[in-house]
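Here come two complexes built around chain A, the first alongside chain B, the second alongside chain C.
Up next, the complex of A and B:
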């Protein structure tokens, strides 16, 4: 069949604008929500949200094409070409349909934030490719066996259920076997975890191989057994790779990627922010000075690496290089990142101190009240602002009195400043 | 130069065998395969096309057997085959369907496309090349199928019941097409139609209940008819004579 004929007669051709419109109008808002600005893994991770909507289209189109083979009684013509060779030209437009759907999704995540540099995570794109092909081939087989009116809707529904539904199931790692666990990826200090991606790829490859085997030689018992064996191995391999992973499995980004500048303080940021480094460095120096003036010790090295190491401080992994982000990030780095371990076992009275202390540090660092309120809450920020009106020594004493409450479960915070009303923040 | 069946047996599932150790050699230009319903004609044609694999025995065209995947591909490329029940590939025009049949037989896309137009002209469907296949009548559909057997370089063309259900005018067109085919391919046709048999075929095989009742040249077959029968009814008479003898 000429490629022109293939394209003209394929169900994928008329499904393409429908799928593109579906992704553009119905999935767009979810695609662009929470994309980390300028970061390729996040662009592709967010675009993966469209995968459970694109794969059913591929499965249904695959079923349609498979039914054409059955309706055309192609086998009765005693073709010299094998089943896979006959299926391939019909499946290629279906695969192209899937890639178009994902390309539209990427286009939207890219418009939300265009990465200035770096490489797109090709492993994620490869995973999409095999998942789409697996769905198309499975649909194709269904279409060969069942009447079109049953095969196409069945493929559509089954594909959607198998791709989207595991995300609602426990254990959490089940979902990674079908979509690769990259949906929530990644903030700038994270990168894609290879295990969930490999898990989805392995299962999809097993489906592809089993389908290829079924297409190459139908009806033979040995072939059915081999295909079942392949699917079993694929399921086990995929499950082993995904087993135990959390809902959003990511890997800490290598600190070798950081770009550093300046001294006193030296500031290290992720490459996506390197063009803003002079500004960040200037704001960071001012922030550090303000905090030190308030009697706080700020290390000379400020870094976006979460595990900063001795003599360095983590400043968060924000994606917009605004002065407020820099100031709030440095201020927040002076507090413990997480509650103490004892908080998991019982009462943690210091919990209420997190907000006011964080807000006070941020305001002291020079951050705007609006941004601080957005981060720590209105009441907490109001309390911190009142504390800020007290003499410097009194503020420092207030901070030193309450800060230990964040490190253990026995110290009760005393957020009221003598002579002031603490409001509802307690 | 022959199509050879050697001790071929075939059965559908666990049913009674349709063919049982049938041996037959066909080495004529135009052979007609006659027989009543259930005689095994379509099964034999299906085996000759390598659509069916014999449960025992073998088939060979010019010494080539479809015994491995590679050999089967080469065999199928050399043997054109028109099955009894034709369904066009949905969504394709008549010419696209013919080119597709050529591609299925192993031709390159471009070559199949280029050869599809002359093939359609040969079966007198050139004017309908761009029509959707599902709009064709039964007779036109069969001619489209024949064009599909011509588009690839077949040496042998097998037509299974090509005139079943055709009206007299369509049968006339079909006979003209067959006459034209015989200029460059070997032909085996299974049919119930005995009219004009001597004008088209030079060899006759009569099959009944999986066994060969008659094999010989057309003149020898016609000689089996009652001498008193008129010329136009002699083929039918010979056929009836053979089948009734058995009954």
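Up next, the complex of A and C:
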């Protein structure tokens, strides 16, 4: 078919501006809200948020094309080409419509954050392609069976329900079979988990194959059996891939991606922050100096790898390279990340010490009081500030007396400093 | 009369109405989460979109005739179509009220209200751009309202009548207004103003 004819008569042509406007105006706020700055997997992961709105448009356009074929009665006119060859030029604009919708979504997430380097996760884009094609072909089949006025809205609603409803079902991993599980992706130390992406792709491929079979093969009984078999295999395979995944599945990022610089201290950050590395290193050196002056031991290697190893310290994984983030991150790295194992079994008296200790460390490191209060709480920060008015030796003793309480369940912390006069600490 | 009823797909419409009432009574309270990150989490109750189905089947039934023949027919076709639409509204409203009174299912009420409002909107659009685009538009309307029709506090915007709760008088008034205008257009206008895709000719 001539492409000009296809474009002129296709439903995708007049749906395209409507879909683009829908994504641009209604979904935009949600798209840019969750993007991690400068990180390609997050750009594509956040854009996947628009997928439940783009697939109904593809399904409705596919149904429109299918009902056009049915209205033209093509099958009774001894066609020279098979069903799939007839459907293909009609479905291509529908696929282009879906890709346009997702491209608009990616454009918005890209402008929200401009990734400096790295590769876009093309597996996610491939998953989009396959899911959109599956919706278009399923809609096409529906449009061939039912009249247009019923098929198009039905395809739209069904596609939306099938994409959005599994999010309410238990167990949690069912939703990854239709959405690909990349919605919550990703902070800087995470990357896309291939399993939910593969799960959604497998199910969509099964739908495509079953639809292609229904379009080409003759012999109704055989087609029905084969299509049912294909769908069953697809569901089982997709379920097996998604089985047991949590609600937001991610894979930890490989630590070989970290870029390091400096010697005393050596700071290792994710490549997205590498342009800020000089500033981070300067602030880190100052922070280390202040903490060492207060009597604490800060290693010479500071890294964003969660399992830092000997001689190194984990400084958190934040995306904005502000001075406060650096200071609070280094300070927090001096405390244990998790409560001790005994805290699950019984009481943990050291729990109340975590806030004041963390706040004191952050204030000593030079972080601003507002940020510290936002992170550890107003009261804990106020207590830590009061502690800071005491002589240095007393502060050190206070810290050394209370810090062991975070490691076991028997030490009771003594947060109040004896003999203090400022502000009525008692 | 029997032929006319069959031609207008009235048995199919009735069956769909009964099935929809049953489904929305069973699906009471179940909702589809509309993905949002910021703002109030949207959700579409099943009852709010099930009402589309009988409206769409009725719309199809209205299109099944030959437009040219009906315009020159001796017996007026358009008042009969209007009577069919009004009978649909009455039957649906009565069924929904009875089911709600017996079993306390407010979702069935909102399904009936949404169906009536969608029918009105579909009749308006059908007079303007034809039935195909009208059908897609009324299917997209609940999605549009779920995506953009909520205020920051979580209540629905005044214009987003499909997602209003079942006891909302404003939504009922809006649906009724749409039905009124739709019926007027159905009575006065035979062919759509613009029929870009040449349906029904």
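In this section, the second predicted complex is superposed on the first by the 404 of 426 C-alpha atoms of A that agree within 3 Å, B and C clash if a C-alpha of one lies under 4 Å from a C-alpha of the other, contacts with A are read in each partner's own complex, and residues count from 1 in each chain.
Throughout what follows, contacts are C-beta pairs under 8 Å (C-beta built on N, C-alpha and C of every residue); 3 or more make two chains touch, one makes a residue touch a chain.
All values reported here derive from a predicted model rather than from experimental measurement.
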Put the two structures on top of each other at chain A: do chain B and chain C fit, or clash? fit
What is the contact status of A:2 with respect to chain B (first) and chain C (second): first, second, both, or neither? first
One more residue to check, A:74. First (chain B), second (chain C), both or neither? first
Of the two partner chains, chain B (first) and chain C (second), which one does A:82 touch, if any: first, second, both, or neither? first
Looking at A:53 after the superposition, I want to know if it touches chain B, chain C, both of them or none. Which is it: first, second, both, neither? second
Comparison of chain B and chain C by chain A residues contacted: C
Just chain B (first), just chain C (second), both, or neither: which does A:338 touch? neither
Touch check for A:165: first (chain B), second (chain C), both, or neither? second
Once both structures are aligned on chain A, how many angstrom separate the closest C-alpha atoms of chain B and chain C? 5
On chain A, which stretch or stretches are contacted by chain B in one complex as well as by chain C in the other? none
Under the stated contact criterion, what part of chain C meets chain A in this complex? 31-39, 49, 52-53, 56-57, 59-60, 63, 131-132, 135-136, 138-140, 143-144, 147-148, 196-197, 199
Given the complex with chain C, which residues does chain A contribute to the contact? 11, 14, 22, 25-27, 29-30, 33-34, 49, 52-53, 56, 60, 64, 147-150, 152-154, 156-157, 160-161, 164-165, 167-168, 183
Residue numbers on chain A that touch chain B, as the complex places them: 1-3, 5, 8-10, 68, 71-82, 86
Seen from chain B, its contact residues with chain A in the complex are 49-51, 69, 72-74, 76-77, 79, 81, 83, 85-92, 96, 99-101, 103-106, 109-110, 113, 148
